[in-house]
Structures are given as C-alpha cells and as structure tokens.
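When the chains are written out, they are named A, B, C and D in that same order, and each has its own residue count from 1.
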Amino acid sequence: MSTAIDYSASEMMTVTAARALENGMTCFVGIGLPSEAANLARLTHAPEVVLIYESGTLQTRPDVLPLSIGDGELCESALTTVSVPEMFRYWLQGGKVSVGFLGTAQIDRYANLNTTLIGDYTAPKVRLPGGGGAPEIATNAGEVFITLKHSPRAFVRDVDFITTLGFGRDGKGRDGVPNIGKGPTRVISDLCVMKPDPEDRELTVVSLHPGVTREQVQEATGWDIRFAAELETTPVPSAHELEVLRELKARTDRAHSGQ
Amino acid sequence: MAEILSLDEAVRRYVHDGATVAMEGFTHLIPFAAGHEVIRQRRRDLTLIRMTPDLIYDQLIGAGCVKKVIFSWGGNPGVGSLHRLRDAVEKGWPHKVEILEHSHAAMACAFEAGAAGLPLAVLRGYVGSELPNVNDQIKFIECPFTGERLAAVPSVRPDVSIVHAQKADRAGNVLVEGIIGVQKEAVLAASRAIVTVEEIVDDLDTHPNACVIPGWAIDAIAVAEKGSLPSYAHGYYPRDNRFYKEWDAIARDRDAFTRWIDDNIMNTAEDAR
Amino acid sequence: MAEILSLDEAVRRYVHDGATVAMEGFTHLIPFAAGHEVIRQRRRDLTLIRMTPDLIYDQLIGAGCVKKVIFSWGGNPGVGSLHRLRDAVEKGWPHKVEILEHSHAAMACAFEAGAAGLPLAVLRGYVGSELPNVNDQIKFIECPFTGERLAAVPSVRPDVSIVHAQKADRAGNVLVEGIIGVQKEAVLAASRAIVTVEEIVDDLDTHPNACVIPGWAIDAIAVAEKGSLPSYAHGYYPRDNRFYKEWDAIARDRDAFTRWIDDNIMNTAEDAR
Amino acid sequence: MSTAIDYSASEMMTVTAARALENGMTCFVGIGLPSEAANLARLTHAPEVVLIYESGTLQTRPDVLPLSIGDGELCESALTTVSVPEMFRYWLQGGKVSVGFLGTAQIDRYANLNTTLIGDYTAPKVRLPGGGGAPEIATNAGEVFITLKHSPRAFVRDVDFITTLGFGRDGKGRDGVPNIGKGPTRVISDLCVMKPDPEDRELTVVSLHPGVTREQVQEATGWDIRFAAELETTPVPSAHELEVLRELKARTDRAHSGQ
C-alpha cells in the first residue's frame, strides 16, 4: 500500500542516485552527494555494495555520513584500511573499481568535469579545490556516475577547465585510448537523469523527475539540452527510502554538531 | 636515529626558511601542533607539499610562511573553500602564493616513488585532463613493452617531512594506525623527518604487519598531546568537525584570521595550553 | 566474489593446461597443497612465475607440469639446489624447461606493477649485471625529469595466482599475516585468484591495517589445513626444516623423486590424509 | 686475562665478518654466512646493529639462525614485517640500507659476483640458484661486505657471469653511475680480508688471518692476487665471541633438527 509522500528535490536526487548502485558493484565514493547516495543504497536495496573511499578505507559501512573523506567512522567500519598510494595504485588503477561516483562544481555537455577554477587559470575568478581523486577515478573505474544540482552555472556548454575527462571537448576523448573505463554513464540531478548519447556522447535527458518540465531543465542548463525520444518519468522515492535517508541525515547532523 | 626533542627544538633544528616541507596526514593525524610551531617560529618562503592542504596549510599561508603550494585538493573537507589559500592565489594576500597542482593519484604515486628512491612516478593518469596544460611537471612516457602512453611526474622528495602519529617507543620507533595516508611515504621520501606523537610508551604493543616506522628512519620525535586537533587520532580523540565548520567564518575575514592566529598561536609559547 | 570451493574443484575450474600461474609465498605460506593438486590433476605446459621457486616448483617441474619458469632465486633455502629444476634445465628431464630469470627487486616490482594495473615496473636495478644480456624482457628507460637511466620490466599478470593464508571469513575475505611476501600483489595482479586457507572463521578478528584481501578480489577460497607444509603458517605451525633437508636426497634421484610423487601425491585422493 | 683459544678457520671467518658491522649500521643480510656473521655481531659488540632480511623483516633479532630467508623466527623477532615489494622499493632502493652483506658462489678480482651458473648460459655446466636480492643490494646499499670461503673455484680471475656488480669487467663499472653505492668495500674469507685497491679496484689482501701464509692465499685464488704494502694480521677471535658463536650454532642446530 503506497500513499503520496512529500519529498524534496534534493531527496529525489539522492534516492535516484542511490538506485543506480547495485549489489555486486564496487564503488569508489566521492564526498558529499555521492557519499550520501552510496550509503543510502547500502542501507536500502544494496546492502552488499562495496564502498571505497580514497582515504584508503576498503568496504566501509559508516553509520553516519563522513564530513571528510577520511573520518574515523570510515576506518572503524571498514574491512581494512590501506595506504593512500595503495588505494590509488592497487585498487583504482588496478581495475578493482566498477563504479566511480563523483560530484562536481561544473559539468559540460560531454560530461567533462571542472573542479579547478572558474575563469582563466592564471587569473581565476573563483578558485575551486582542484582535482583530488576525480581525474583518475573517471578514467580507471569501469564506469562513472555523477550527481549534482541543476543550475546554469553548474551545467555549462563547455567547462572552463577539464579537470576530469567525460568525453572530451569533442565527445571523442575516450576513443582509441587503451585501458580506459566507459566514462560517465549517467548524471543524476535534482531535476532529471541524463545519459550520454550512444552516438556522439552528448548528455541527453532520459528521465524527468516527477513534476519537472522540459522547460525547467532547459532553463537550468547552459546549452540546448536534448531529450530522449522515449522520455521516462523517474520513479518517486519510497517511504522506506525517505525514512532511511532522513534518519541517516539526522544521525549525521547529530554526530557532526557535537564535537 | 630519532632523537626525542621538544617540538620547539625539532622545528628550530630541521625546518628552515626556504625549505620544501611536507606535512602529511590524510584528514587523519594532521600535524597541526607542528604546523603551529612553524608559524610561531615565523618561517618564510616555504614550499609546502600536501595532497589535501586542509586548514593547516590555510593557516600557514595566511600567516605568511609560504611561497608555493604543491597539492591535489585544496578545500575544507565537507565545508567549502580554504579562504586563505584562495585569498593568496586570487588576491595575493598576505603575498602571492604560487601553486602547482596534481591529481591525488599522481601525488600519491609521487610520494610512493619518493619513498622508493626513484626520480619519477609512472601512472595511468591525467588521460584527457587539462591539468598537464598548466603543470609542466606532468609528462608522458611510452611503455617500452606495450607502447602504451603513461603519465610521469617527479617523485616527491621534501627537505623535511612532518607527520603526527599515535605513539613512539623509547627508541623512537613509531606506530601509525587507522587511516595511514601517505605518512610513511612522506617520512621515507624526505631528507629529514619529524614525527610528533600523542605519547611515548615502553612497548608499541602491536601486530606483525602494523605500520611501524623505525626510529633509524626518523630524525626527531616530539611529544605533542592532542597534536593533530582539530584533525583526529584514531584511538585517542575524534575529529573536531565543529571547528572545521567554524574555520570557514574565521578564514573568510583577514582580520578575524589574524586575530585567531595571534590569540591561538603567536601569543602562546606552545600549543595546547 | 569469492566462492568457497573444494581445492579439487578450485584447481579444476581455474588452472588450465598452458596457463601462466603464480603460486606465491615468500618462504612462508607456500601453497603446497594447491601445488600438489595441480600435479594430481596432471596439468601440463604451465608457465610458472615465482620469486623463489622452492620445493613446490621443483615438484611441479619434476612431475612434468611445466614448460617455463620465471623466477629470481631457484634454490632449496639453506640447503642447496633444486635438483628437479636443474635436471630439467641442464638435462631436459622429464622434458626441457625454459627459464627466464630476474632479480628479486625486479620481480617484486613486477608483481607490484601487476597489482597496480600497469604494463611495466620501473626500478633502479640491474646496474652492471649481465642478466639483461640473457633476459630480453629487461629494458632501460630514461627518466624524463632527470635523464637517469632506469631499468624496466614487464609487470607480472598471471592467468591464475594461488596463495595460502591463515584464514578467511564466510564472505571470503582473507587475512594474511606475518611474512606477507608478494601474496596480495599476486592475487590482485592475476585474472583469477585461488586462496587456500587453514580455516574459515566467523570473524577475522584483526586490526585496522591488517593485510586483508577482500573476497570480491578473489575467485575461489579452499580450505587446506596444513596447506603450506613443509612451509609454515605463522600462528598455526612451524616450518618443517627437516623435510627441506630430506628433500635434497629425494630430489637428487629421478626414481626416488618419482616414488615420492606417487606415494605422496598421485596415489592420494587429496593432500594431508 | 686472555689465553690461547682453539678456533676453526670458518669461525675465524665468521668472527672477522661480524666485526665489520657496527652499531648504527643498517644491514641487509644475505642468508648463510652473512646471516651468521651479522647475528654474531648483534649478539656481541653491536647490539644495536639493525638487521633486515629480504623477506620483509625489519630490525629483526632472531634467537636462532634462520635456515631460510623467511623463517618464522625472523618475523616474530622483528620490529615489523613489510611486504617484499615494499622491502625492495622503500627500504633498499629508498636508500635506507647502509651495508649489504652478501655471500656468493664465485667472485672475481673486481669483486663481481656470480650466483647464476658455471659455464655457458645456454648450456650450463652447473646451474646456480640465481640473483635473488643481490644485484640490487650491491648497487643500492651504501656499501657491500662479502664473505665466502677461499678456493680457486670460488675466487676466479673473471666470473663466468656477472650476476651482481662489484666493479665490472674492467674495474670501472660504477664510475659515473648516478645514485649508486660504493660497492664492495671488503671481502672476508677463511684465509684473509681483501679490499678493492683505491686506484683500480682490484681486490687486494689487506690482512691475513693468524697462521695463514701468502702462498696459501695465492693457491686458493684463481688469479695473481696482490697483497697490500702494509699487510696486517687479523685479530684472533675472543673467547666471548667464540662462545656466543658456538652457542648460537648449537641453538640453531637443535631448532632445525627438531620438528
């Protein structure tokens, strides 16, 4: 028996992102939205999904969301913790990661990510944190999921700087490159789900979240975004998913505001 | 062979103006007490290496100790920007700071290569990234067996590395436990290494494959209780997440920052009192 | 994801004629039971990789399973020669075995590079050695930063790796403890990995930075009690040094060797009964 | 009060080799004679000498001599045990080893070592175990000590195969090579101590063991061996050294024959 449930756009995004993960996947998790989604997946439909954080924590099961990529909770609930060089060499570059789950500041139509800066490199308008693990997560993981909120400043036609490869400036950035993952296979925002076009790799809306219009997506996107011929409606969050997510966030807030 | 020194003395002896310094600790065990001592001793023109600059480098940069930062992710984890780093890069306050940026994978491999005594690290990295356009220290080589194009970066070999750890025994052997980051690599890659510890014990009391750094690979051990706060020490105290959030407001404002440095570092003879 | 199988089934499923196989364990935890199962199943034309061939490869070579050996030190540790290896190389019995030899440093780096998914390992090695004259898999590259000449060898990437460990939990996560050698690297570098263990337990009951290999990086776990005898398992049983010494006489003589294989391997349905 | 003590040539060799090690040295120990000498040093005049074995055991203090390079005793008595790749990369290649202590099957006048084979590579007369750790120990350690018994088959003019560099076929093998150790600085046999000539690197006898003649050394050496102008006599073993060595060997024999 299901009843209509209130949920926010950001909850819709997190739940949809979580649903992209399945048991059997080994997921290299970025901090923030990806971490929230990945742990929601683990606490709901994918209890066996393996979560890896770049701090070296293998197969971790945090009870609260980490604030940093290296919170103690990640280590204490991990199967084991390895050094950071080992993490990047053996586990990521060694091909043991099936999905890299990333956030970003900017993304463009070929799913290239910019977390370096807005403006010109030598005279930045806004200096962002930088690449972190993303450049190699995006190329050495089997595939990449990306999650971020929709806005014209975030979804731009061409990123100011390609920190992390999607499909390059022309959509052909992975063609002929040996030993490279499939790259971004889905982008989940608070408005919709996008996938790269199988032909030219341009991001295309494949599913609108309930109540969201094409116009809303277009307004929040910095280029003329395409919509799939068979546009779907994203399934709504279940009561269980929302309950688990809200409890997780409440636990997290309690943990982080106390000392 | 490690000498057990005061933190003041260890920094005085091994951290010189103009040095290349790596203070490591991947979120965990960040050597804040040692960083504060460097600020207190007014070191200048340092080249700082660190994967995740964090608040410790934000403080050093804002305090005017730094000429250049080599890093791969410069943010306040889970909170936002490092405002002092941004102010220095974007506006040149207190003076211009040069940056050289890598990816985590490259930095991790560069620390590994430094520990391994090699001049370069080779990785499958930077494919399609524009970082090689702005960092001339990223090159590419061809595998002589497969022809594959691979990235190469210079290894990290600091003049001094500083890390924090849980404990040392009286011979200066150090146990690092939990999220061990690139700490062992930082120590082994450096010409000189200072390790601050929570305590000195008779026996490390550990297991056969623990991450133990022998005393003969370290120059100075200094006791710094709670020496990684607001970062944490697995088994000793948790991360002060609240301070990380509060830092955002302190660091946004030059005056608030300067006041914080004065009140918490300059006008205290030593940390944590 | 690791399946828990019988040793017989694990070897049947993953070790095929003509395969490249690494059975590792640096003196410690050598997977003898698995090696014996390979002999029992009469596998042929194997390319065996191992830093220190030891008795396990002497037995496989003498039993006719082997086409080629890639190694860096082929002796009976502390005792003398591997007579079956020598007989095959020098006299072609039971048939000619090809060898490709490296140094330990190069093999260790090649396993590391294999685990790291790289096609090559770079090391400061083979300087002045004549091994590069007889091993065309040793090349030299120039560091693009310093111009230094460094050795390069292809990474090790076996079709199957087999290692022995102390214990696994029910999800197939494995604890290796003590002298861990290149075991983790062997497992991670291979297309398929079999791990034999002394026992399966509910909980590995270990410390934060233990050498634990997750079940999802392993294909098959098989229980093989005393599975590394005459080698040893830290925490379980010591090395049977006497057998290592006795092996010298057994292996010197083709008939004595054949008898030993028949009595101890071929005419037993499984090891250790 | 000292009295004349009986000792064997091999005890003389071990004690002399042991005396080459000092507190403050970090020694990468080969199995066999070097291991015996290194542990004797540790149990007598150099209790703080750091012993490292290629099996990954750092700063080990075995109570009995290991039969293999990876005996359990080495791990149980070590400060910590690292992986074999880490041992060769961080500790040896990383420049943390001041002395490599090696045995060998053959050595030549330029202290090159052969542990590969006698005869021709493609048709060996005798196949030896191979290089093991030696090729990189000899180049990446600060300096190298070598110990082996004197015989014309062991001390040859030119080794059949240079497994491990001494000073090369012409004595100039280390000249101009960056980041390389000093190489063999002393060779200790059961007859004498040899050092490379400072000019041309040819091994030169610098000290004869008590009672040993130049003729005996020459007879046991496969080339016209030089003697230093100021030839010394090696000091005899002390009663304490012999006692400790004999106890160590007795303990070792008991340990290895049991089981």
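Here is the rule we go by: contacts are C-beta pairs under 8 Å (C-beta built on N, C-alpha and C of every residue); 3 or more make two chains touch, one makes a residue touch a chain.
Keep in mind it's a predicted model, so treat the numbers as computed, not measured.
Novice: Where are there more C-beta contacts: A-C or C-D?
Specialist: C-D
Novice: Would you mind pulling out the distance in Å between where the CA atoms of chain B average out and where those of chain D do?
Specialist: Roughly 40 Å, centre to centre.
Novice: List the centre-to-centre spacing of chain C and chain D in whole Å, with centres computed as mean CA coordinates.
Specialist: Centre-to-centre distance between chain C and chain D: 28 Å.
Novice: Distance between chain A and chain D based on Cα centroids, please, to the nearest Å.
Specialist: It comes to 57 Å between the two C-alpha centres.
Novice: If I count partner chains per residue in chain A, which residues reach a count of at least 2?
Specialist: 75-76, 81-82, 89, 93, 140, 179
Novice: Which chain B residues touch at least two other chains?
Specialist: Counting only residues that touch two or more other chains, chain B contributes 112, 117-118, 123-124, 148, 178, 180, 184-185, 206, 208-211, 234.
Novice: If every chain is a node and each touching pair gets an edge, what shape is that graph: line, ring, star, complete or other?
Specialist: Graph shape here is other: it fits none of the named patterns.
Novice: Just spell out which pairs of chains touch, all of them.
Specialist: The complete list of chain pairs in contact reads A-B, A-C, B-C, B-D, C-D.
Novice: Under the stated contact criterion, what part of chain C meets chain B in this complex?
Specialist: Touching chain B: residues 117-120, 122-124, 137, 139, 141, 143-146, 148, 150, 152, 154, 177-178, 180, 206-211, 234 of chain C.
Novice: Within their complex, state which residues of chain C touch chain A.
Specialist: Touch list, chain C to chain A: 1, 112, 115-118, 173, 184-185, 188-189, 206, 208-212, 214, 216-217.
Novice: Help me check something: in the complex, which residues belonging to chain D touch chain C?
Specialist: 31-32, 54-57, 66-72, 74-76, 81-85, 87-89, 92-93, 112, 116, 121, 124, 127-136, 139-140, 161-165, 168, 173-174, 177-180, 255-259
Novice: In their complex, what parts of chain B are in touch with chain A?
Specialist: Answer in residue numbers: 26-28, 51-52, 71-75, 77-79, 81-82, 85-86, 89-90, 101-106, 108-109, 111-112, 123-131, 134, 148, 178-182, 184-185, 211, 232, 234, 238-242, 244-245.
Novice: Going by the contact rule set out above, which residues of chain D touch chain B in the complex?
Specialist: 24, 26, 50, 58-59, 75-76, 78-82, 89-90, 93-96, 140, 179
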